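Shared chain: chain A. Partners: chain B in the first complex, chain C in the second.
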Partner chain A sequence: MRPVLGIAGYVLREAASRKFILAFLIGITLVLFVLSLSLKLEVLDGALAATRLFGEEMYLGIRAVDVALRPLFMASAYVVFYGGILFGIVACSDFAPSLLSPGRIEHLLALPLQRWHILAGTFLGVMTLALCGSLYGSVGLWLIFGVKTGYWPIGPLVAALLACGSFAAVYAVMLTTATLVRSAALCAATGFLTFVAGIIAGYRSSIAPVFEEGLSRKLFLAVTAVIPRLSALATASADLAASQPLGVKSLELLLAGVVVFGLGVLAVGLWRFEGKDY
Partner chain B sequence: MSAIEVSGLQKTYRSAFRRTGHDALRGVDLTVPEGSAFGLIGPNGAGKTTFIKAILGIVHPTAGTVKVLGGSPEDPSIRARIGYLPERLHLPGAWTATAFLHTVAKLKGHRPDTAAHLRLLERVGLAHAAGRKIGGYSKGMRQRLGLAAALLGSPSLLVLDEPTDGIDPVGRVEVRTILQEEVRRGTTLFLNSHLLAETERVCDRVAILADGRVLREGRLEELARGGARWAVRFAPGADAGALAAAGFQAGSTEGLFHVEAADPAVLNAALDKARAAGALLVELRREGQDLEAVLTSTMGVAA
Partner chain C sequence: MNRRRGMWLVLAVVLLGLGAGLMVTGQGDEPRPERPQVEFPRRMRRDDWKRAEQRRTQVVQPVDAGTQAAEPQRPRDPVLAALPRGAGRSAVVIEANALRHSPIGELLLDCLMRDGGKRLDEFRRVSGVDPLQDLDRLVITDKGLVLSGNFSNAKFKELFQERTASDYGPGAKVYEPGSVVVTTENGSQRRGRDDGVVGTWNDQLLVVGDNPESVKEVLDQVHGGGSNEPPVISEGSTYGEMYGVLSVEEIAKLIPKEQADLAQRLREVASTVELHMDARSDVAMVAEIRGADERKVTDLGKSLGAALSVARLKAQAEGNKDLAQMLDFAKVLPGGSEFKMELAVPLDAIKERLAFCRDERQAGEARQEKP
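The block that comes next holds the complex of A and B.
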């Protein structure tokens, strides 16, 4: 396990030196900082009595804090889910191709590591980065609203973890692409394709009737059956963030789908990487 | 014991869309004794880098066997005893040299030791730039850092692919000194360099690789030996006519003569004749070739 952690550390150190990742962290920090200073919430007996943003009063009516914050937490969950995955695709597309670049991969392969250590370490490093990024924003938001309202739901944090888990499936595709073709652009493209396909897969039963009954519909259903249902997971994360009943049938099955898909794709990448000459 | 033992090594690079492949190595047999300084030379495209990658497990051989330090190069415990400097080492530009060595030490399974890393950087002449970002390093400085990374953990085998590429002449002398120190310490050195003079100065054994095959291999002095030709210098005033009669051919400078002698008896007989003619022997040496001449003549024979 130590070599895997070593490679993960290598990836994280590399990430820390990327300016746009630092800019992203600074951006989140600024948003949280501005929000914490500009938003004033007055809570009386568990109800949100008044809201002021930049000193301007917002007439939202008097409602229970959990009900008043529900749309905000849902919107945040969607932003973290979709925005996080999209940012992750762009920000992390270069890590694996950079690690596999000539002159660097030979050096790594000559070190006392197994080949799978390098791939698993890269995956772990990127997932640690994604987890830290999403938790940083979510915990910040959770703390601000918690301190201002005294309402501490666990849902927004679970929603952030769900977004991370969903990104794992997308990054598995990107990492496997890097073992086939060492190109950051192609990694980003396949990640984006998986992301779009995942959104479509979440609505597969609604979209299926658009296709003519017969082979085309069966083909659509067959292809989308193996893709993780990202849009369904996004809805589930929003429901969790708002602490309301889940709209999806089984969150466990959706997560199992992400795990099976991710592991399957990673296995292909590992098989390719093990047999490749550098 | 052999540090590297390669038998029947073949490597064919196949393209996904072509039936035929490119044969980079066509049955290489090579043994590198432990503790030796071994140089691999040959023209461009000879298969030298592929050979190095094969002995490190970076490329998978098509056929043949490779044993390094008595085991498989795929074995991490074997690779832990190898220091490797690739031909074009890509270094993370935003890191400092100490951070890079720290990470490599961890990946090699060693406990990172900042003081030891600084000593290593001082040894390769980078102490003044230890805290600077690698992105600002010159090509020679990057090579020095790569060498420092290869030397981490005092490896038993050093595999260096063009270690002095981009390093200035003074730096080359420094690197050569480091390599000679390592060999004296008992490290086996496997060097691939286009600079034949460097190989000649550092290595005691050499193999010539061309077109994926080892054409010649052996101790440097054996390969460089000119054969039965000797250079003889006599004191000024020697009788050139008498020396010519004894089999000596006049050389390019005064007092220098050349003689062909297949064995010591013939050589001594010729010298006795020269001394009998009043010539006073000042210097005697076997005529040899430099590595460049060895390579050129070997390539010429192979062609």
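The block that comes next holds the complex of A and C.
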């Protein structure tokens, strides 16, 4: 396990040296800081009685604080989910290609490491980065609203974890692509394609009737059955963030399915990586 | 090496298959249920304006000494003319016909006809009036009732029996209190006295009051006389299936005893409370509360919002799903010297509560069908 952690640490150090990841973290911090100073919430017996942003009264009505904050938590969950995955695709697209680049891969392979350590370590490092990023934003937002309203729902934090689970599936595809072609652009493109396909797969039962009954519909359903249901998880994370009943049958199974898909794709990458000559 | 490599591929296939199975099971292929959406009656809709326009059927000629040429009068709604006038008065209009044809009306009808419609049929036979067809609006005021609709088939003579009837202006009659013969449940008859006073106008209005003065006051208003003040409900406020103005005292009585402070503050701060209820799908209610002191009205709105929030938390803690769901939509919208309070009850919750009415009605109808 130690070699895997070593590679993960290497990826994290690499990430820390990137200016735009640092800028992203500073950006989140600034948003949270400005929000904490500019937003004034008046809570009376669990009801949000008044809201002021930059001193301007916002006429949202007086209602139970959890109901009033529902749209905000839902919007935040969607931003963390979709925004986080998109940022992750862009920010992490060249980690694997650069790790597998000529010179560096030979150096790594010369070390007492097994090949799967390198891929698993890279995957673990990127996932640690994604987890820290999403939790940083979510916990920050959760703390700000918790302190200001006295309402501490666990939903927004779970929503951030769901976003990480979904990114695991997307990044597994990117990492596997890197074992085939050492191109950051192609990694990002396959990540983006998985992202779009994942959104479509989440709505497969609604989209299926668009196809003619028969082979085309069956084909669509068969293909989308394997693809991670990103939009379904995004909706579930928004529901969780807003403490609303979930629209999916079993969130645990759905999340497990998405993560298992990621591990499956990673296994394809390992199969390819094990047989490649460097 | 090749064997190990092959294992990765086998593992990949197994994991992808397992992942697909987990996702299909986890998401389920059922379409996501629609979230309950409630439309609150906040203003006159196009249909409400159309309805109000169709009800402007009465033209009242102004009374003058003949010194000025009388200007043609705009037709008006006689029911609105019959409403109480002046501050502190109450009137609630129930759009009986619209309500009867709404989903909630169907449910209420089941409850009304739990005996299989026996009593309703008896009422139709005795009075000549079919409440489900002939009644348009029912107005409950602080001094009595006003019913509007088509009463041309009403058997007033049989209904009011020996009570003295006197003409009271064009098309109007007043039936004074008097003795009546009542048929009891076992079919026997006994004499009794009805102290209520009933006024009729053009087979369109029935006015019921405790004394002749209150009934005559309403008929005077319909004839174009009475107070010069506007009715408590203006034409622009006739939206929803139930609407009206209630005195603050009556609203305060509805607040639970545990919230006595809130009731007292309502009495002190509010001057009028206007209600509107929409029953076209879910039952949604908007109460507009007005007062003179802007600061106190805002504080009252906050207190009411907080009380609703506490009630919702309590309902959630006690597992009262229906009430918690209803209070999910509860909101107070402040606006200077007035605020609006919105409440809603999902139709499904009402259906669940009134399911026994349908069962009893069906049982009652089955009993009647048996020879």
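The rule is simple: the second predicted complex is superposed on the first by the 278 of 278 C-alpha atoms of A that agree within 3 Å, B and C clash if a C-alpha of one lies under 4 Å from a C-alpha of the other, contacts with A are read in each partner's own complex, and residues count from 1 in each chain.
Definition applied: a residue touches a chain if its C-beta (ideal position, glycine included) is under 8 Å from a C-beta of that chain, and two chains touch if they have at least 3 such contacts.
All of these numbers come straight from a predicted model, not from anything done at the bench.
Participant: For the combined arrangement obtained by superposing on chain A, do chain B and chain C clash, or do they fit?
Facilitator: fit
Participant: Which partner chains sit in contact with A:110 here, chain B, chain C, both or neither? Use first/second/both/neither.
Facilitator: Only chain B; A:110 stays clear of chain C.
Participant: Can A:265 be said to touch chain B (first), chain C (second), both, or neither?
Facilitator: second
Participant: Once the two structures are placed together by chain A, how many degrees is the angle at chain A between chain B and chain C, based on Cα centres and rounded to a multiple of 10?
Facilitator: After superposition on chain A, the angle is 180 degrees.
Participant: Counting residues of chain A touched by each partner, does chain B or chain C come out ahead?
Facilitator: For chain A, the partner with the higher number of touched residues is C.
Participant: Figure out whether A:229 sits in contact with chain B (first) or chain C (second), or with both, or with neither.
Facilitator: A:229 sits against chain C, while chain B stays out of touch.
Participant: By the touch definition at the top of the document, which applies to A:275: first (chain B), second (chain C), both, or neither?
Facilitator: It touches chain B and chain C both.
Participant: Would you check which partner chain A:249 touches, where first means chain B only, second means chain C only, and both and neither mean what they say?
Facilitator: Once the two structures are laid over each other on A, A:249 reaches chain C alone.
Participant: With the two structures placed on a shared chain A, what shortest C-alpha distance in Å links chain B and chain C?
Facilitator: 10
Participant: Do chain B and chain C touch any of the same residues on chain A, and if so, which?
Facilitator: In the superposed arrangement, which is not itself an observed complex, chain A uses residues 275 for both chain B and chain C.
Participant: Given the complex with chain B, which residues does chain A contribute to the contact?
Facilitator: 2-3, 6-7, 9-10, 13-14, 17-18, 101-104, 106-114, 275, 277-278
Participant: Give every residue of chain C touching chain A within the complex, in rising order.
Facilitator: 1-2, 4-6, 8-9, 11-16, 18-33, 35, 301-310, 312-313, 327-328, 330-334
Participant: Which stretch or stretches of chain B touch chain A in the complex?
Facilitator: It is residues 13, 53, 56-60, 76-77, 79-80, 82, 84, 86-92, 94-95, 99, 103-104, 106-109, 146, 149, 159 of chain B that touch chain A.
Participant: How about chain A: which of its residues touch chain C in the complex?
Facilitator: Interface residues on chain A, with respect to chain C: 44-47, 49-50, 59, 61-65, 67, 202, 205-206, 225-226, 228-229, 232, 235, 244, 247-261, 263-265, 267-268, 270-271, 274-275.
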